[in-house]
Amino acid sequence: MITLSHYLILSLILFSIGIAGVLLRRNIIIVLMSLELMFNSINISLAAFSHFLQSMTGRIFVVFTITVAAAEVAVGLAILVAVYRQRKTVYIEELDEMKH
Amino acid sequence: MVSWLILFIPLIAAVLITFVTRKQKDLSSYVSIGAVVLCFILSIDPILTLLKDPHMKPVEQGFSWINIPGLHVEIGTLLDPLSILMLFVVTFVGSLIHIYSRGYMHGEHGYSRFFACMSLFIFSMLGIVLANNFIQIYIFWELVGLSSYLLIGYYFEKPSASDAAKKAFLVNRVGDFGFILGIFVLFQATGTFNFIEINHILEKGGIPESTIYIAALLIFCGAIGKSAQFPLHVWLPDAMEGPTPVSALIHAATMVAAGVYLLARTSLLYHFSPDAMEVVAYIGGFTALLAAVIAVAQNDIKRVIAYSTLSSLGYMVMAMGVGGMTAGMFYLTTHAFFKALLFLAAGSVIHALHTQDIWEMGDVFKKLKTTGTTFILGSLAMAGVFPFSGFWSKDEILTIAFTSHHYFLFTIGILVAFVSAFFMTRLVFVTFFGKGRYHGHPHESPSVMTVPLVILAFFAVVAGFAGMPWIEPNFGSYIAGPLHGGHGEHGFNLFVAGLSTAVVIAGIALGYIVYCKELKSDPLAKNVLYNLAHNKFYFDEFYDNIIVAKVYNGIGRICNFAEVNFIIIFFVNGFAYLTRETGKVLRLTTTGKLQHYALVMVAGVVVLVLFFGVL
Amino acid sequence: MELIFFYIFAIVALASAIAVISIRNPVHSAIFLMVCFLQVAALFVLLRSPFLAAVQIFVYVGAVMVLFLFAVLILDLGRERFGEYLHHQSPIAIIVVVGLIFVIGLGLARGKLDAPLGKYTEAELVKNIEVTGELLYTKYVFPFEVISLLLLVAMVGAIVLVMKERK
Amino acid sequence: MEGLPILSIIMLSPLAACIVLMFVKEESIKLIRGIAVSATSISLMFALYILFAYDKAKGGYQFVEKIEWVKSLGISYHLGVDGISVAMVVLTSFVIFTGVFVSWVGIKHRIKEHYIFLLLLVSGVFGVFTSLDLVFFYLFYELAVIPMYPLIGIWGSANREYATMKLTLYLSFGAVFALLGILSIYFTAGQMTGQYTFDMTQIGKLSFEANYQKWVFLPMLFGFGVLVPLAPFHSWSPIGHAAAPSAVSMLHAGVLMKLGAYGIIRIAMGLLPEGAQFWMPVVAVLCLINIFYGGVVAMTRKDMKFMIGYSSSSHMGYVLLGMATLNYIGMNGAVLLMFAHGIMTALAFALIGYVYDQAHTRMAYDFSGLAHKMPFIAVAFAVMGFASSGLPGLANFVSELMIFIGAFRTYPFQTVIAVFGIIITATYMLRALRNVFFCQSMPEWEHLKDATTFVERFPYIVLIAVLFIVGFYPAILIDVINTGVVPLVDKINGVSTIAKAGM
């Protein structure tokens, strides 16, 4: 019997892997991918709660999340392309304009 | 109703002149003169009422001006013998001086302005006279200060006039500082500002004696300022920068007497505080002597008269202090006549000679017969020669001082009488007789000026008879009603009268000996005392250089230094510095590396969850 | 039976996720990401949410993945230029991540689900596409519109960002 | 007029004018001025209407408008005026009305933007004085402060960047503390009743714990006190005045400083009566620094705007003293002085601005004998100077008198120093009058022109007339103010209205 905890633990581990990706990798594309991993982990827990609570709210939210994620990826990658054109790099460490 | 009319007619005139007739100079003067004459005519009715019934009941009218819980302030009028007397003095002398001014100020720049201010002054003065409560008297007290300021500074293009105006206002403010505090003390104790109500409470013994003492002294501060008593006497001589009619009306006859009037108004207060009365008496006596001595050594005709005014005011205040309230008021009345006369006559001389220095005059009696005669009559009255008005009033004061065992003050009074006689003689002889040192061709002033002189001279001569001790009812018994502690029956003391007459004659004789020669300059000028007096005992220098320049401005400079160097640097720039430095430190955390921020954020999440979620 | 499938999907998903963040070649990472997405879609099926599974595949596997691959190809990213695998903040980052797992795990272990059950029965949930549609157009119509707008803005924004300025 | 949202009209007509002005061409100056004048005259008209229509017998908040805004947080658009706010609204409308005329003469470039910011600011001020909702109060408070930044920064004179920066930062800094206090009250009140609301009238009915009141009163006092300005946080004000253009100085000293005092009265004292009892004696001491220190510093300053600036902080000291008395007389005096000083100081800055615009200097010793060249301005300045030094017949006298009488009961020592302050005021005012307007005229000021046209003279005439009217017949305002003061003071002194009725 699968319990809610199963899904939540899965979601937690997946989320942590996403964070680890964000914090550890230099390549912005990978960072963006890690963000997607985090989105997915959240989706899992939302859907799981929704299922075990027999309500629809969580599922509806997953739909929204996916939409937002899609938008985010589109904009994020567009920014990435624009930045790359300017700076010829996709490495986070070389993008430290915010310091100034 | 009449009292309201009397009060507001001059104000209406002032407003009218300011807004309507400013361009038509003649019309302005007519409006102003008309207003004050109308006031005089209107005040005849109350005077007749008083003459018919010396024990008249005070007539009080008032409307509420401020009315909130705990504070009720009225604007009202109070007609009692005291205010009716003052009403008469102010409107009568005022009328004459207004008429005189029409001639004297002829051709001056700002003619309308002059008359507007004069009307404003009459309004304010009548406000003081008719006031039925302390707040109102304070209001008009300040307003006479304003009109005095405006009129002293009439020739505002002259720095000396501007300075004198400023000085007069500020010195008066210092006195008023005490005055208003005194009013507060009384209000605190009684809960009302109304004179009659306060008197009732006083009579019932509703106020502790120490409070009365403090209140009396503080209120006396107001009188010190306005009546130019020591140590605030310095403004009055400088106030002579104003046009001469102003000196006559405001700085001799009426406004400066307001302090004495105030003491009379609040006489019950002093009655219950003999200690305060002593202070009043000694300050008055000292001022009288000081001013008389200074007057001996002055060369400006107006200043001599100004110091004699100071001296007379000191006399009046002393009278109030030794318990001679009616005597003080009597002196005030006669003084108003002869001092106004002296100033106006002096103005007439100045008008003819275009100088104020008595050493540039001399031998003009032949040219200025009317002026000269009236001036001499005024001088005799001032010196207190029998039977001129000054004699009677002065005699009454001296008698009271003597009979109330104030022998020291009595001696001072006698001394002042002597010195007064001396310097008035000096003034008369140096100005009108002796060697002619003037330039140009002086001729007598127009009749618009001389007629008031003659009328005033008449009163200066005869007004004293109203106060002769052996007629009944005399001056004192009419106004004794509202006064307390100084009821009229002093009788006639032959010793006092004889002594004062003797010293006056001595003074005149001495003056005659010293000055009835063909003199070019003052024969006493080498004297040390003379020099000291000539420089007014250095009071002005002391106030200007020490009190104002060092202490007053010094505090200002210290505070300004603190402001610039402490408040601005510490509070303002200090905060800015703190912020900037904190920013510099915190800026190091801004590495610009995205992952640093993300790391900190996640760490923050861990900490938050740890604190709020798990623990 | 379901439990077995759950473990299979979960383990594959986690393994591919780890692969995503640890492989150097972005193209490979993208492929592993797709694998992970597919596993999540499968999990949605296990959660009785076929609609979500479909959306997951359409949007993530279909659209997002393609975008990633395009980006990787357009930017011509080969292997990472840096020799070392970890950079200087990595040790702290790992500690923090472990800490995060620990605290949330602690929360999970202590937590207890006591929220009231919803009104949908098991049967209704299976055919939840209808319910989803109904809710989206009634109760959640306002967020739905906002999210649509957001999508539009994102689209416009992306185009504007990438578009080269005309000379 | 029944049913008309009068307060909204007063408040929104400047705002509406702002919006209209945005669509007007920069060049059509006449139209711009016309819009500004008509908007402010609408406000003025309605402000005078509420002054006379306010039902003194009934008291309390009148002309109330209430619209729910965010129900879940308890925020509503809630306007209403009591006696105190009526006086302030009238003051504001007079100052802005004349201020528009003064800028008519004084502002030469970017006229449109100037009016937009000016009107925006004023709308905020009206909002503060009429809001009965804490959120809107704070919102309008910021709306009144922020436009100062561009107004001084763009149209200011010497040292304007420094001044505007300092001013805005100081005021925002203060506002934060006030906000903290407001929020604290909101949450505490919500916890007490279970119903969270920002409505002042609702919160006013509660009585907080005494200790709590003491602690929350302090940040409020500080926050609003910075704007008053309470010494030693006053230094933003003279420098701000000095740099600001005339109309802005007028508003700033005439109205903005009163926002602080109003905030203390309405929120700090009104909602935290026991806090007021605890802290106001401290204020009574601090205000002496304002009065005395501000006065003597004003005395040393040669720049006339600085002089008036310090003088303002000195006079606000009297307001604080009046508030600290916590009795009817002093409070009435304080509110009336806020009104009188607002008018007087607006007049002062308008006059100095007028001279400065022509002579390009404000140093008192640069001038001499201007009365020959500009008699009208000289007379107006004299009236202002005498008003400032508390001469009877002008509004300031009545209010200062009431403050002194009220204060003498509670703080005799402070009163003595405060009364001495009027000597100091007279000193610097008369010195300025003498140095600038009296004595011989100087050849380099031959080109100066007096205010001769109607537009030039109009604002001064209006302000002087107000000073005289209130000075001669103070009851016109006091009777209204008193209806607001009595319940407030009763509340602070713990006299319940029921107990009073029984007496």
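Letters are used for the chains, namely A, B, C and D, taken in the order the chains are written, and counting of residues starts over at 1 for each.
Everything below uses one rule, namely that a contact is a pair of C-beta atoms (placed from the backbone, for glycine too) under 8 Å apart; a residue touches a chain by one contact, two chains touch by 3 or more.
Since we're looking at a predicted model, the values are computed, not measured.
Among the chains in view, D has its Cα centre nearest the centre of the complete protein Cα set. Taking each chain's centre as the average of its CA atoms, chain A and chain B sit 90 Å apart. Between chain B and chain D, the centres computed from C-alpha atoms are 37 Å apart.
Rounded to whole angstrom, the centroid-to-centroid distance between chain C and chain D, based on C-alpha atoms, equals 59 Å.
The distance from the centre of chain A to the centre of chain D, each centre being the mean of the chain's C-alpha atoms, comes to 54 Å. Multi-chain contact residues of chain C (touching two or more other chains): 89, 93, 96-97, 100, 104.
For chain D, no residue reaches two or more other chains under the stated contact definition.
Counting partner chains per residue, chain B shows two or more touched chains at residues 595, 599, 602. Two chains count as a pair here when they touch; such pairs are A-B, A-C, B-C, B-D.
By the touch criterion stated above, chain A contacts chain C in their complex at residues 1-2, 4-10, 12-14, 16-21, 23-27, 29-30, 32-34, 36-37, 40, 43-44, 47-48, 50-57, 59-60, 62-64, 66-75, 77-82, 84, 90-91, 93. Only residues 89, 92-93, 96-97, 99-100, 103-104, 106-107, 110 of chain C touch chain B when the two sit together in their complex. Put simply, chain A touches chain B in their complex at residues 19, 22-23, 92-93, 95-100.
Listed in rising order, the residues of chain B touching chain C in the complex are 595-596, 599, 602-603, 605-606, 609-610, 613-614. By the touch criterion stated above, chain B contacts chain A in their complex at residues 590-595, 598-599, 602.
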